[in-house]
Every structure is written in C-alpha cells, then in structure tokens.
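Each of the two complexes below includes chain A, the first together with chain B, the second together with chain C.
Let's look at the complex of A and B:
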C-alpha cells in the first residue's frame, strides 16, 4: 500500500486504512457536543439564561409529563421524515424535497375532507391512502427525470418544494379557505376524520403508525432481498448493474417508498395535530428529515432514536422561541450547526492528523 | 401592448442581474471542481449584509454593496474550508450552509426586517434616457446592470483566455494532472470558491438593494437554486449563463407586469412560474444532451493526492 499523505502547512494528513468503532463513535459524539456547545453559546448571546436553556431543553421536555407528551407527539412525524430521507439516501438519491412531499401528503388527506369522499367511517383510512398517494405523486416527477434524463434530483426536488408551498397558498387563499377561520386554513376536520387520541396529552395513534413504519422499513432494508439490492446499488451502482441487479427498479422503489413516508408524515400532522390544512403544516420537516437521516447514517433503527432527541429539540426550542420572542429559524440554525460539526468530524474519521516539525 | 412590452423588457435586467452574477460566480466554483450547493445561503447572507450595512452606514450604497461582497467572501470561505481544506462531502456541506444562513439571518435579522431602502436607483443619462423605447430599456438602468457587463466579460476572459484560468479549469477537469504539473489544487480551489462566493454574495446584495429594496427573512426564495440550475443549462459557459439569466429574469419581470395590468391570473400560480420553467429547462437539457452535459470532469470530488477515487 502506498502511504497516502497530504500536507497543509505544518499539518500532515494521512488517510486512515480503518478506524476502530469506539474511536469513530467518540469523534462523532465529540462533534455533536461541540455543535451543542456552539448552539448554547449562541442562545446565551441572544440573551437567554444558561439555567433556562437547561430547564427548557432537558427538564421541561424529557422529565415532565406534559413536556414528554409534546415530545412524543412531535416524534411521530419526525420518525417518518427521517425514514424518508434515509431510504432515499441509501440509494444515493438526494431527496431534498421532503417538505413538498409532506405538504402533498397533507393535501391528500385534506382532499378527502373537502370533497367528502366515501362513507364517514372509512374516511380516516382513505386519508391515510391519500397521504401516501400525495407524497408518492410529488416525488414521481423528480424520480422519472433523474432515472430517464439524468436531471439532478437535488435541484428538481427542491424546486418542487416551492411549487407545493405556493399551491397550498393558492388553495388556502381561494377554493379551500375556511371563511370562519382567523388565519388562512381549511375548515376543521370532523371528529371521525381525526386520528384517535390515546389519552396522554395530545398523543394520537399516529405514533404507532410511525413506529410500525420504522419496523417495516427496518425489515425491508435489513432483512429483505430488496434491502440488499439497495445497499449494493447505493455503494456501487456500476458494479450492481454489471451483476444483473435491477438498478433502476431498485432506485425507483426506494424513492417511491421515500415519498410515501413523507406523505404519511403530512397525513399525521393534518389528521392528528392540526385537524386542518394550514400554511405551516410542513415548515421545518424537510431539513429535519435530512438531518435525522444524516446523523443516523441512514439506519432505520437509529432514525427512531435520533428523531426522539430531535423532537426534544423541537419542543424545547418552541417554548424558548415563544418565551423570548425568537424567530422560528432558531431550530433550523441549531440543526445546521450540529450538522456542520458532524460533517466536520468526518475529516478526523478519514484522516490521521499529525504535526510536522 | 407596446408599452407593456417596453416596460417588461426594461424591468428584465433588475431581475436578470442577480441570477447572472450568481451563476457566473458558481461557474468559477464549479470549473475548479467544487459543487457549491450553498449558493442559496450565500446569496441570503449577501442580501442581509447588503441591507444592514446600507442602513447602518446612513444609506451609503457603495458600502452596502461592499458589505454584500464581504459577506459572500466570509460564508464561502467557511464552505471552502469545509470542502477544500477538510475535503468534506460537498453536497451535505452545501445544504448545511443554506440552512445555517437561513437560520442565522433569521435569528439576528429582526431589527432590519421590513425596512424599505432606496438602494440602487436608475441612472439618468439626460437626452439618451428620453429616446423612445431604447432610452427606457438601455439608458435608464442602474449602475450594477452596466457594471455586470464588464464583470461577465472579465470572468469569461479569465477562464478561457488566460493562463491562471486555464490552470483553474485543469484543476476542475483533472486534478491529478494539474497537481503533477505543479498547480496547487487547494489554493486554486479555495481561491475559486471564495471569488465565486463573493459574486454570489454580490448577487444577493443587489437583489435586496435593487430588486426588492427590502430585507425579509428567506427573501431569496430559491433564486440560489435556480442559479445552480442555470449553470447546468449554460453548460458551465459564462456567455450562455448570461442568456439563461436574461430568460429567467424576463420571466420574473413578467410576474409584476401581469399583476400591474390587472390580468386575472391567480397570483400564487403565477409565482410558481420561475420554478416550473427551471424544471422545464433542466428537462430540456436532459433531453438534448446526449453527448454529455459539459460538466467539469472532477466536479464534486474532493482531491487527495494518491487517494483512491
């Protein structure tokens, strides 16, 4: 093996041949700690007391019944967007359009309410289907463009986020607007169109749907032939093609699964939390999904854990926002700082850094 | 009708110049082999810094413009440090930069939000500006519109008619060969990212100080991403990027014109146009480019000497 080195001034970089599991884990944890440290510093600079940060993000979220209920409520859609991103990233399809697919999932559910489709007892199930169909439909175009015409999916999925958001505005300021509402949203879903509550805070059965989806995705990616194909296609598409694996079909199936998971998330928020289609239904979920998948290294089991912590960040961040009048961008900022730090840690995983004399 | 068309064409440069400057900046990045998906974020920070410096300096336009350039430099230096020096994944780093910029400007931007600024104003060229049709279209633009012509020319001249430009393209095309020929890959890429980033920041500053004349959270509304798409459409050539920017600027300029004459088109559907047209253009490029996209050979790949590829 030739030694692969590189010098930047007095620092020499050596490509590692391998890395011990504990060292890898330690580097990632350290980088998350650095990210959290910078975030805390930022909050302190914005005028927030350190003890309040601890209380809002730890005590009132994870060690308080009402707070924990909020975290569990927020957990469900975050699991779904995290899974959605993970499944797509596994086949090297950069789905940045989760927010758009999420919106279309919510629209799919809302359509059932607006046009009163089917008998009332079946509507909540039709909404479930509508969510899946909406999410899939919205990712179908970028999937087709990428697989047939090599159109970069990062740009196409992202552009469609704007189109989806504008479509919702068009409907909410027009045909679907509830004249009785104070701000722009559709009429409220009827009782039979809502996901049943389980009797702890606002938590609804959507949490079980999300956890079941995680189990199914885990079985598919880790225990099925299709999952093995996905791994192969993701790590080396050229060789996968040469070995006779249906590469295009594998990517298409994974991408459709990704879209339907995002759509399902939109359904949960529309039918379980908002009970309506609002302009805020999808805000922040797109980037959260990407962050969760990135931090979980696209592992469905890890997605469940990371999205729980992310839900804590959401709930704590929201109460800090409201209390101190900080903008909504706060959560996204903390997330991006953590991601930048973890991306940065990749450097120390790949290279051994030495000082030269 | 004639008046409608003249107004429309006269308004096109204000919308075209931000896309033009941003895509020219991105071409410098990508020709050196660095895929900069953080453009949306760099533009946003440029727009923010432009307005903040403009207001705080007591409405000095030159300082506002310089502030936008400096902000573009700083953010793209952070990006360059991540992807050039530390050789991190360019896609993830770029997307993270976008959300970092959006979050940061959102968090600290409150005191400057929704304060209208005068910003760039039309140059009055006396008699020339009063010529019918031509006067309005050619001789009544603002300074940056005129300045963008030599900027584009200089970038083209640098990339395609100078030795350092050739070295830059070599770094993006085949870094191994360029390295062997004695070109410093790190230095060239860092320089390309920062220079291009300064132009993207300027694009954002101009957007805020000339087109919208106001700072609002997330005001770039995907224009950075449209610029990324424009580069693909332009096949990484500055001249074609100008054409593309004029096309997209024309579409954006059409939206307020249609609203001004009171045509009954739903406004939100109208606002979808730039995104849908971008998608259509990318589809068109995908349909016709059977001979390869014209992308630099090493685009998006970090370079480590003797590293496995």
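Let's look at the complex of A and C:
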C-alpha cells in the first residue's frame, strides 16, 4: 500500500489507519474546550465579566440547589430528544422533525385533557400513551414516504415541523383556546393530569421516565438483536440485506422508536412543566436533540451526559438573558460554535498532522 | 528506424503480485494499435505505466528513439502522451470548457474559457463531434462525455492517445462512430492505442494488435493477417489444468430458468439465462466482465428483483423470497464486491461473522444477543479458517483482502449450505489465500453443496469446475464438461463480442 500523505508547505498530512480510543476522546474534548473558549470570548465581547460568566454557568447552575433543580428539570426532555435523534441516526434516517413529533406528543397528552377521556385516575397514563402515539403518528408519514416512495426524509420531517407548529396555533386561536388566559394556550391541566413533583424545585417524575427511557434504549441498541440489526443497517444497508436482515422493518421500528421518544418529551413538558398546551411547548428542542445526538455519537449513554451539560448551558444562558438583557439566540450561537469545533476536530481524527523541518 | 513508442522489459508488482512481467510494447505514428487481453492480463497496468500513473519497478521506455524516465502524469503529458480512462475523470457540475481548462491550465479564467472554448469548437469540427463548450457535464450523455475526454487529452497536445475500453460504455452505433473517429485521428499522424477485449473491434479498426496474457506480451501481429480464433487462442493461452478429483454430482439443487434482469440504469444485462447446478458439483461460469455476471449474482442473493424467470432450489421456487428466507433454505453468497454486500467495514470481525445468523437466535435468545457467544464462536471461526493477525474485536476495515475473504467464507460456509454463489472469490488475493479459498469451495462441494462459481479468471474456472458454462451478453452460449477445452471456452467468451 502506498502511504497516503499530502504535503502543504511545511505541514504534512497522513491518513490514519486507526485511532486509539483515548486519543480520539482527547481530540474531541480539546475541540469542546476550544469551542467553550470562543464562546467565553463572545460573552466577554458582549460586555459580561469573565468572573460573572463563571458564576452564571458553573456556580449558579451546578452548585446551587435552585439552579441545579432547574438543570435537572430541563435535563429530562433533552435526554428524550437526544435519544430520539440518536436512534434515528443509527439507521441513517435523518430525523430533522423532532420538534414536530415533540409538539404532537404534547397534543396527544392535551387531547386527553380536552376531551376528558376516561376516569380521572387513569388520565395521566392515557396522556403518557397519547404522547407516544402523537410522536409516532407524526413520524409515520415521513417514514412511509421514505420507505415506500424514496422521498427524502430530511425535507419531509423538516417541513412537517412547520405543519405541527401551525396546527397548534390553529387550535390555540380556536377550539382549544382558554378564554380566561392572557396569552394563547389551552386551559390548565387538572391536578390529576399533572406529573407528580418529587419535592425539589419543579422537578417531577418525568426525570425518572427519561432516565428509564435512556436505560431501555441503551439495552435495545447495545444488547438486543434489534439493536444489532440497527448497527448493520446503519453501517452497510446492502450487506445487511444480503445477510438476510429485514432492513425495511428495522428502519421502520427504529424510526417509530425515535418518534415515540420525541412524543414522550412533549408529554413531559406539557404534563410536567407547562400544565397546558402552549405555542412555546417545543421551541428549540428539535435542534438541541440533533446537537446532543451528534456530540454523543449516537451513543445512548453519552446522550445522558451530553444532555445534562446542554441543560446547564440552557439554564445558565437563561439567567444571562434575564440579568444582562442578551438575546436568546446567544445560547444557540454557543451550541453552534461547540458543534462546529467538534465537526472540525474530525479532521484531526482522520489525519495525522506533522510539521516538517 | 526507431519506433514511435517502445517499452521494453516493463516490470510492475503490487503487494508481491506481478501485474507486469517483462512486458514489451511498440507502436508507430499514424496507426491504430489494439491492445488485447483478458481481465487482469496487464493491459491497463502497462498503459498506466506509460502515462505516468504507475512507476515501473524495472524497464525502459523510449519515444522516437529517445529514452525517457516518466516521472508522473504531467511529465507524460508534456511528452505528448494522453490517456482516456475507462472511468471518466470529469467534474460533474462543471461545464465542458471548465473541465478542459482544468486539465490544460490557462493564465486567466475569463480569457482562458474563451481560448479553450474556441479550441474545443475547432477540434470538434475536425473530428465531427458536436460539442457545446458551455454545456454541463452532468447534462450530457456518456458518449458525449467520452468525446470531451478525448478533446481534453488532444488539447493538451497528445500525439499518443490511449483509450481504455472506450466502447464498453457505448451503444453499438456510438461505438462504430467512435472507432471511425480514431481511425481519422490516426490518419492525421496520431498514434492511437486501443485497449480492449473485443476481438471484432480490433480486427475491423486496428492496424496492428498486441496481445497480452498474465502480465506478459504474447505477440504483436498485423490485424489484416490474423483471425478471431487465432487472437482468442493467444489471449487464453495453454495453461495446464490441475488434476484434482472431480466432484460426485447428485440431484439438481439450483435451477435457473429464463432469467432476465436489468442493471440500475435500466439496461437488461441478464437475458434469458438458464442453467442447473447439481449437488456435489462446481459449475464454473466463465465470461468477460460486464456480461451480466454482477446482476445474476445480485438476483441470486435476493437483492435485485428479476424481470422474468424462475429460480428453483431443490425443486421449490425461491424467485421472490427475501434473502432471509433464502438463507434459511441454505443459499449462501460470496459476493464479488465485499464492501457492498459482504462485510460492514466499520463493524468488528465478531459482528460481521454473526450477521447472517442473528435472526435464528444462534447468538443468544430471539430478543437478546450475547456478546460472549459471538466472541467465542467467531474466535473458533478465526482459528478454523486460519485468519491470522485479527481478533474478534478488530474492525473489518483493517483486515487484509485475504483475511476479509476468509471471514466471508467462514460465515457463508457455516452449517450445511445447499447452494453457494461465489462471485470472483479470489479477486485481488495472493496465491496462498487463493488456494485456501479454492480448498474451502471444493470441501463445500464434496459435502453436497451446489457451487456456482462466477469468475472472470479463466484459470480459476477451468481448475475448479466440474462443468463450465460460458456467459456472453447475459445468456449461456455454451456448456462444456470437465476437462473443458480452453480454446473453445475462449472463443465462446469472446465470440460475437
């Protein structure tokens, strides 16, 4: 084999044959550090003191009881959207429609409240099912289009986000509107339609639901036959088919799992945080899910960790918004900077860079 | 007088495998020179040496009697050597003029495009091409793309034009037109070297023909003084057939009737093919690449649906079955393109070994997979098939070709295969790995499997097969019992091609 090297001036690039696990991890961590560094610089330029940044993002978010409670509250739905993206991406189904499925999960839960389905004690469970069914229903359309008619799912899932958001608007300005409310939302959920609080800030049992979902998804992807099928389908669909693996069914099942996880996230926010269906229920979750899945390389265990850090970023960012009057977009910007840095680090994973003298 | 081009004693090896073994070649100005040989005979390697893509291990090369050491493609281009490769080197979304300019850099973009466009217009007038320099590559046909390649090379000042299998992508009409064009080019003094395995083209359009086999030059003859059977004989040679025991064939296991299948681009490449393979028999399907072998193998694997026809296994119809069901009935595949159908490159040896039998619950229960069971079974397979230097956790990407192929065999030959479809099972392997693959296939045959060996390597087919079938243009054109007459097989392979 000829050694594949490329020289650019004094820099020589060499294609790596393989990479040690620790070196790979080190490169990714270094790139995140670079991203955080750039973000800090950005905040400093926006007029925030370095020591204040440290306080807002580290001390008041992770080492303060109220702050940590906020982080944990935010953590639960982020775990679910991260898992949702990871599961779909594992079979090369690019689900950009997490936000729409999330909205439909919230709708599924809300429907139980609006139509007062079943006896009161069972409604919180029906809402759970409603969330899952809502999310699955919303991803079923692009899944069908992709698997039957080869319609690109990136476009169909993306566009269905807007359809979902507009549908919610339509309902909130119409049939489902709470006449007593000051802004557009449904009536408040009754006490028995809410997820029970655990007695620390606003944290509710949804956190345990999310962590249990992460454990189940981990078991499925890493230990089950279906998870093994997903690996082959994601790695080489042609080979998977020739090996006798039911490729279409595997993709369909993974995609439905993805939709149900997003829908579950919508249920958590509607029944655990907002206690109503509002137009803000899903904002930002879809793309956060994609970012989390990307940063954790579609690994469910890593999703749990990354989404925790992402929740911290949200909570810290919120207080910066409140106290310094900086725009909400700043959090998205920091997310993007970190993602771009990690994407860029891929270069150092693929190539060995050497200085020549 | 010195030859226009002379190449002497050219040697080139890859990983210890001789691609060129003291090959000779000489050509003159103003002739169309056919370079003929089977797949792997060394035609393309020799021309890649000439145009600077490969650096030979040994050998001399001279143009008009002046010796040159070609340092690289740009050096070759400066000497007036230009090659049109079988797979075009064009940038899809760019225009024709931009592509030509990429190969022939100009000092300024805007002026360069104008100059190049003018040159293209002039040349295409002379050659009778109709080419619009502003058209985008992805909007023009394959035949037109080829014309662009030729113009690109000629604009670079090539006096020595090499065309690698130029007609393989063309319809008959387009091919005839191209061959007339290159004859016209030769009349203007260009030396055109036509790499091909189509006898008819060479006989009709070349002035002289050089035949290669196994990396060596067999002979150079005048096209007017030779015949198709002579050329076929030179191409296939007289290698001795080995004398291993033939198989004891039993009842019919695989029966293919009137099979027709299309390639992805809609062209029917398998056209009414029928054959039967018995238990304990190796049926060798010989043929020049591109005559429907790939699509046949895909149809048998179950990844391509046939247009018409029936595939029977032990009497039952499996034509419409999912690969999973076929495997359950004992159909196994050794695909030609390992990276497409054989192995998942990014996954481990253990995972790849387990892939085909996960569905039966062989590695754990129906719901769960036991990593430990996979590890243990894969480890045993590594030992049985002598796959050295790899563990069950090694990524398949890092395996050598021989080890990767042995891994495929270890997986596919497990249990009691009923039918094994082996497509080019030794392509790119070294001698030892080749022998191991052959031994495994013979052992499977002796255990009662029906083996369909699809190969472009004639020696392999003749050595291994109990029955030799020849595929040409998607159908069986002849079947010969062992020992099959090499020359007859060669004629059938190359006939009316």
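Convention: the second predicted complex is superposed on the first by the 345 of 357 C-alpha atoms of A that agree within 3 Å, B and C clash if a C-alpha of one lies under 4 Å from a C-alpha of the other, contacts with A are read in each partner's own complex, and residues count from 1 in each chain.
By definition in this document, a contact is a pair of C-beta atoms (placed from the backbone, for glycine too) under 8 Å apart; a residue touches a chain by one contact, two chains touch by 3 or more.
On a predicted model such as this, the values are computed, not experimentally measured, just so you know.
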> Given the superposition on chain A, are chain B and chain C in a clash or a fit?
Replying inline: clash
>> Once chain A of both complexes is superposed, is A:340 in touch with chain B (first), chain C (second), both, or neither?
In response: first
> More residues of chain A are touched by which partner: chain B or chain C?
Replying inline: B
> For A:116, is the partner it touches chain B (first), chain C (second), both, or none of the two (neither)?
Replying inline: neither
> Between chain B (first) and chain C (second), which, if any, makes contact with A:49: first, second, both or neither?
Replying inline: neither
>> Once chain A of both complexes is superposed, is A:166 in touch with chain B (first), chain C (second), both, or neither?
In response: first
>> Quick check for you: in the superposed arrangement, does A:240 touch first (chain B), second (chain C), both or neither?
In response: second
>> Looking at A:231, would you say it contacts chain B, chain C, both, or neither? Reply first, second, both or neither.
In response: second
> Given 169-177, 187-195, 205-213 or 277-285, which one is the stretch of chain B whose C-alpha atoms run into chain C?
Replying inline: 169-177
> Do chain B and chain C touch any of the same residues on chain A, and if so, which?
Replying inline: none
>> Help me check something: in the complex, which residues belonging to chain A touch chain C?
In response: 1, 17-18, 223-229, 231-232, 235-236, 238-246
> Where on chain B is chain A touching in the complex?
Replying inline: 37, 82, 85-89, 91-93, 95-97, 99-100, 102-107, 109-110, 186, 217, 221-222, 225-226, 228-229, 232, 266, 268-269, 271-272, 275-276, 278-279, 282-283, 285-287, 293, 304-307
>> Could you list, by residue number, the parts of chain C that touch chain A in their complex?
In response: 15, 301-303, 322-328, 333, 335, 339-347, 351, 354-356, 358-359, 361, 364, 366-369, 371, 395, 398
> Inside the complex, what are the residues of chain A that reach chain B?
Replying inline: 2, 4-6, 8, 13, 15, 42, 46, 94, 96, 141, 145, 148-152, 154-156, 158-160, 162-163, 166-167, 169-170, 173-174, 287, 290, 294, 326-337, 339-340, 343-344, 346-347, 350
